[in-house]
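In what comes next, chain A is part of two complexes: it sits with chain B in the first one and with chain C in the second one.
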Partner chain A sequence: MSDTHAQSVAFVRDTMLPEQAPPASEAGVVKWMRENLFPGPVNTILTLLAIYFIYKIVAGSLPWFWNGIWTTSSLAECREILQGATGGCFSVLTERWNQLLFGFKYPSDQYWRPLVAFILLAVAVAPVLFAHLPRKMLLFTGIYPFLAFWLIWGGTILSPLMVLIGVLAGLAAFRRIEASGFAMAALAGLVTAVVIWWLGGFLASAASGVLALEAVPSRDMGGFMLNMILGTVCVSLSLPIGILLALGRQSHMPIIKWICVVFIEFIRGVPLITLLFVANVVLSYFFPPETNLDLIIRVIIMITAFASAYIAEVVRGGLAALPRGQYEAADSLGLDYAQSMRLIILPQALKISIPGIVNVAVGLFKDTTLVSVISMFDLVGMIRGPILASTEWNGVYWELWGFAVLTFFVVCYGISQYSQWLERQLQRDHR
Partner chain B sequence: MKKSVFLGALTVAGLTAGAAAAATLDDVKARGKLNCGVTTGLVGFAAPDANGNWEGFDVGVCRAVAAAVLGDPMAVEFVPTTGKTRFTALASGEIDMLARNTTWTFSRDVDLKFEFVGINYYDGQGFMVPKALGVSSAKELDGATVCIQTGTTTELNLADFFRTNNISYEPVPIETNAEAQPLYLEGACDVYTTDASGLAATRAAFENPGDHIILPEIISKEPLGPLVRHGDNEWGDVVRWSLNALIAAEELGVTSANVDELAQGTNNPEINRLLGTEGTLGEMLGLDADWAARAIKAVGNYGEVFEKNIGENTPIGLARGLNAQWTDGGLLYSPPFR
Partner chain C sequence: MATYSDPPAGSFQLSQLINDTRYRSYTFQIIALIALFGAMAYLVSNLLANLQAAGLNISYEFLGEPAGYDINQTLVDYNSQSTHLRAAIVGVLNTLLVAFLGCLMATVIGVVVGVLRLSPNWLIRKLMAVYVEIFRNVPVLIWILIIMAIFVAVLPQPRDFRGDNAEASMLWGMFAFTGRGFYFPMPVFGAGSGVVGAVFVASIVGIFGYRRYAKKKLFDEGKLLPVFWPSVALFFVPAILAYLVMGRPIGMEYPALKGFNFQGGIFARNSLISLWFALSIYTAAFIAENVRAGILAISKGQTEAAASLGLRPNRIMNLVILPQALRVIIPPLISQYLNLTKNSSLAIAVGYMDLTGTLGGITLNQTGRAIECVLLLMLFYLTISLAISAIMNAYNNAVKLKER
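Up next is the complex of A and B:
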């Protein structure tokens, strides 16, 4: 008897049938459209409506971009070329490009300086933002503020150099005495730094020609550069100050606690624009004429105070979200206050606070445009004031404001994308 | 101890402030620069060009003063101010003079403690409406929405006008002239009101200026002029007579082109006194003899400044109107140089 059933079965398929293509209505574009765009009567109507609106927007704006004119020197010329056809007059962007970026008073042969500072900014913040970069790059980050100051404001390199040396000497003094008590060490560090700054002031004014770039006064800063300066400086200053305020608010020492509470509540209770008016208008009454504190510094102080109060509250939220056990665990390990905060509490609290902090940072960056109200010429101030008030460009709106929108969107969207990436990196699975 | 130190510091601050206020002319000379407050930008009156140089009608006054005092029309630090910050900037000493088409009013002169040194532009508040609205007089504007700049005299004038005529309106507050244009064009307001010069400049920038009309009513007097702080009359005199020199120069036929020639001496004693070849007018001001000649050479006489920045050949195209010399039926009337 045979082992096979060759005789008992009429036909046995011994090869696989090739796969059939799915029916046309269940494959490819058609299927995707059916599932995603037209799954039911309501969605079908919504899809058609959306397509209609998209068509209207594109049909309306495309000729405007397409016929855009980039090379004329005034709005009147644009209109002459267009002869009534729809078209943007983007020439205002090309003609006033430098003014939009740097303001109208920054010396035009020195534009490379803010540009270099901007490129170096990317190098300086990279190690702070991306933990896998070599830690030695942080050295450059430490030097960067002084370098950037020298590049943007000009003058002799001695003044930022002396400030840097003062900071380093103060730090060294602090380290040396740290063992015998925090307060003494902090005082010693401060005194050392101040003495060196004071001496350095004489040195810098005596030898004002050493490696000097052409000095540019603060009043001449403007355009998007001003927004970047205010945004970067204020965010980086307000983060540490905000953390300190948040910790201070949780402190058991009543004086520190109350100072922090009063500061935070007062600053949060006042609109930013009021603070800016105070910086611009009221402070100049208190100083004798000629001893004006630089307007940019006044504004930086006010915006930083404002942002740090908000960041303090965000961080406090993070601190409050930590289970009490974490604090007790730190204590039971025998860590002192500074160690427990640095090693256990803050890393967790800050991780929780990231979305809130980024929110404040993005808001702060956009709020820097408010300085246009106190007659500083940031990007918005440039558009509102000099450019729209010039006889050539009086009447150009969409092009200019569109440009401002685009610029701010790029920066803010970048910040928010980074923060989402960071959150994924720090994910330690509490789910 | 603490208190006395504090009081001492206050006294010193007060004294230095007082001393500084009393000798603005010396301060300006020592600084080598005139701090002049202007607008953050108003077409034709003050705006920086593509190279960042300030230009305009008000800017001309600043440059004339700088030329008279410092000998260099470019030695001006222009401090842009908004409608809200202009007076504090002047009062706090941040600027030496304000040339920011500011209306001379009683309370600004008396209560805010400023000194208006003259009038460089006679303006008045008017209304602009689209032709399609079919209105021919401001009195037909009952129930209209009106775009109006906040913090200015125009706001108060408007309320007065509508109350006097017993008609109602709905204000749409805006911050700057530049914001008003799109709002008005998009129909957010039926009427735009501001100084007639501003209306003309705004209308000139429209794509179809012919679709809009400026109503015949001028509802206010807006004498615009440069101003200085109270309490420093020497400095006030310098600014006042620099402005008067420009006005008198036009009346006397002195222009930037012929000033050099006329400064050699003429047989008109008033021209000679103005240009410093006769008399000691410059010395009385604390300046040198050819101060006025420098100012005229730098910016031209009043008529030249007007024509160059806002006159009929510019896009703004303002007629002289009230701002013609008194000899031509206008209001410009410089006191004699004697």
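Up next is the complex of A and C:
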């Protein structure tokens, strides 16, 4: 075969050439840069501008970090050390970290309590977030709210314990009569729980010294702890309410449907800050004259109402996304409404709406900073109020705001990354 | 072939109210209604008892009384002798002003960032992702306060503009950016400026007329008329001609440094500017994600199909990609506008006098009419959001895929 063209062509190669390395401009870093940084004149200009921009930021902030002062006790001292050089006075963080995290009234020898509560929060939330963890951990998740209440607010352990016992007894009563109908069982469970709470109230006030931690009133909560408390409490309370609202909005009973629609649209139509005004100045008018609810409780009520309206809309999206066949299949199995929702519809609908719920949770957590407007001292309130107004630290903007930005970014970015991870996990299930 | 029969008539038993699905929903609804009315009666009776105990009543008469406080940024005439109602109107206009400006700027930034997040340029892509993530994951209240602090700390004070070799100077002699706020030139309308305005409006109508004519020509006769340059010419030329013919009736009043402060021109306080910037860049981060998602939602096959029909790239964008992408982008975009409008109530944190600052702030504190003020405040925001949702629903119905 090799001499086929021997007469017509002077030379024919009959062996393969060894593979050669691609030209320098078509391989490795150079190729990557050509394709990704300098693909054309416009992009070259953009790249150069971006590099200049990054250089400016780094050149501006690096000495500020590098020369940062961490050990002074006032801004004047810090400026004296710096002698006009660029540098951050991070000492405001080392000196005031306790106020930024816990507010300025929480007793300083009790800081371990909220700390333990938040570490345990991670343990309690883990089995909810990651499905592959052992299901037995959910038991701890159930106990956690009562434990956290005891740790943060203090007082005798009997009161959260009695509440827990009431819940458990109610649940037991519900299970007992569940077979004879959902509504009756729910009523029986509720009555049992209320009776035990009522009895427990006497017990807790009679034996207020049992395993008692130093009681801390709600108005002493502050700093980032307040944001965390409001965020976790309101999200967890608004989940069940939001699901009920969504079910109500999808219901075929017109009166129930319209009650839910009006509530949801009203709450979604007004800014959170007006609801906080309600909590601050209006809500107490609607309670009996002798009740004296804490501002933090009133705020929790309003934020929960706010969040549940948004969660209801997300869940409604999940309910609407389910094919009609699922509803019909549940009906044809002879399940009643409560059973079909609990066993067929909600598990699927909630799974679809998890990313949306997480988005609502992130938004809600960010919105907890709004309480600083009604003069509660959360992280933002602490910075704007006691710290920036103090004579020692008047004028330390960047360090404090940088700290606030970093704190919120870490939490919210973490949650949204989790949501994206979960979305990928759920997508895989459908293939 | 009836396979079932109605239950025997007249055999209604009370237990059917619970056990029979035909009646059960009525039972539940009546219970819900009674519970609702009961709860409302309870709340209202508490309210009345509390009001009586405090010696208060519900009345809106305070709206007619003089407000007695000043508002430093107003769009309409207002002084401290004006009524509370007037103060509330000033607040409403200020809310609408910052919401409008914010939506405009947020859309521009958001669309640019959203498109750049899909750019082939790695550095730009990453930079934009960092921008979006940082702004989305930090509360908007913190951004408002930070940007306010930046304005006050970084920009020069009016006194820095004084002297021959001043530290700061005005931009083109027209704009002054100070820590107190921005000063812009203000147009002064002289006699005959009405004619210029009328000509300008007429030329805009003309542009639309011409575009419609060009479209008709294209569809009926297949002739492609130039559209862009004639539109630009129609936009500028008649108005400028009228301006010159009428003897330059519209002048500019420039801000000038007099004493300790600038006088003349339009003054936008730092609170307005920082609120505007903060709301815009915060909302823009969300809009950028919507835009990106909208563009990604259009499959590549659409571009290729259009190209194979022989359309040029700009026509592919205008005729094929954008109409489809906009259907995906616009609903979340409008809900972002709604969020921005609601977030503008955070103006109270920097002292910009929007409705929350006037009606829900100083008026509430001065008159002590908490219930009335908060109710009016909520009604205003509710009206705006319901109006915007109505527009959104109308739009959604208009662009909905018409499937057979």
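Simple rule for what comes next: the second predicted complex is superposed on the first by the 397 of 431 C-alpha atoms of A that agree within 3 Å, B and C clash if a C-alpha of one lies under 4 Å from a C-alpha of the other, contacts with A are read in each partner's own complex, and residues count from 1 in each chain.
Note that contacts are C-beta pairs under 8 Å (C-beta built on N, C-alpha and C of every residue); 3 or more make two chains touch, one makes a residue touch a chain.
This one's a predicted model, so the numbers in the text were calculated from it and none came from an experiment.
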item	value
Fit or clash - chain C, chain B, common chain A	clash
First, second, both or neither for A:194, with chain B first and chain C second	neither
Touching partner for A:385 - first (chain B), second (chain C), both, neither	first
First, second, both or neither for A:51, with chain B first and chain C second	second
Chain B versus chain C as contact partner of A:27, first or second or both or neither	neither
Which superposed partner A:129 touches (first chain B, second chain C, both, neither)	neither
Which superposed partner A:405 touches (first chain B, second chain C, both, neither)	second
Dominant toucher of chain A (residue count), chain B or chain C	C
Partner chain in contact with A:207 - chain B first, chain C second, else both or neither	neither
Which superposed partner A:269 touches (first chain B, second chain C, both, neither)	second
Partner chain(s) touched by A:281 [first = chain B, second = chain C, both, neither]	both
Stretch in clash, chain C with chain B, out of 204-212, 222-230, 258-266 or 330-338	258-266
Intersection of the chain A residues that touch chain B with those that touch chain C	277, 281, 284-285, 287-289, 373, 384, 397
Interface residues, chain B side, partner chain A - complex	12-13, 16-17, 20-21, 39-44, 46-52, 77, 79-82, 84-85, 88-89, 91-94, 175-179, 181-182, 201-202, 204-207, 314-316
Touch list for chain A against partner chain B, complex	75-76, 79, 95-96, 99, 104-105, 108, 219, 277, 280-281, 284-285, 287-290, 292, 373-375, 377, 381, 384-392, 394-395, 397
Complex contact set, residues of chain C against chain A	18, 25, 28-29, 32-33, 36, 43, 46-47, 49-51, 53, 119-124, 127, 133-134, 136-142, 145-146, 149, 153, 342-343, 345-346, 348-349, 356, 360, 364, 370-371, 374, 377-378, 381-382, 385-386
Footprint of chain C on chain A - complex, ascending	35-37, 39, 43, 46-47, 50-51, 53-54, 181, 183, 252-256, 259, 265-266, 268-274, 277-278, 281-282, 284-289, 362, 366-367, 369-370, 372-373, 380, 384, 397, 401, 404-405, 408-409, 412-413, 416
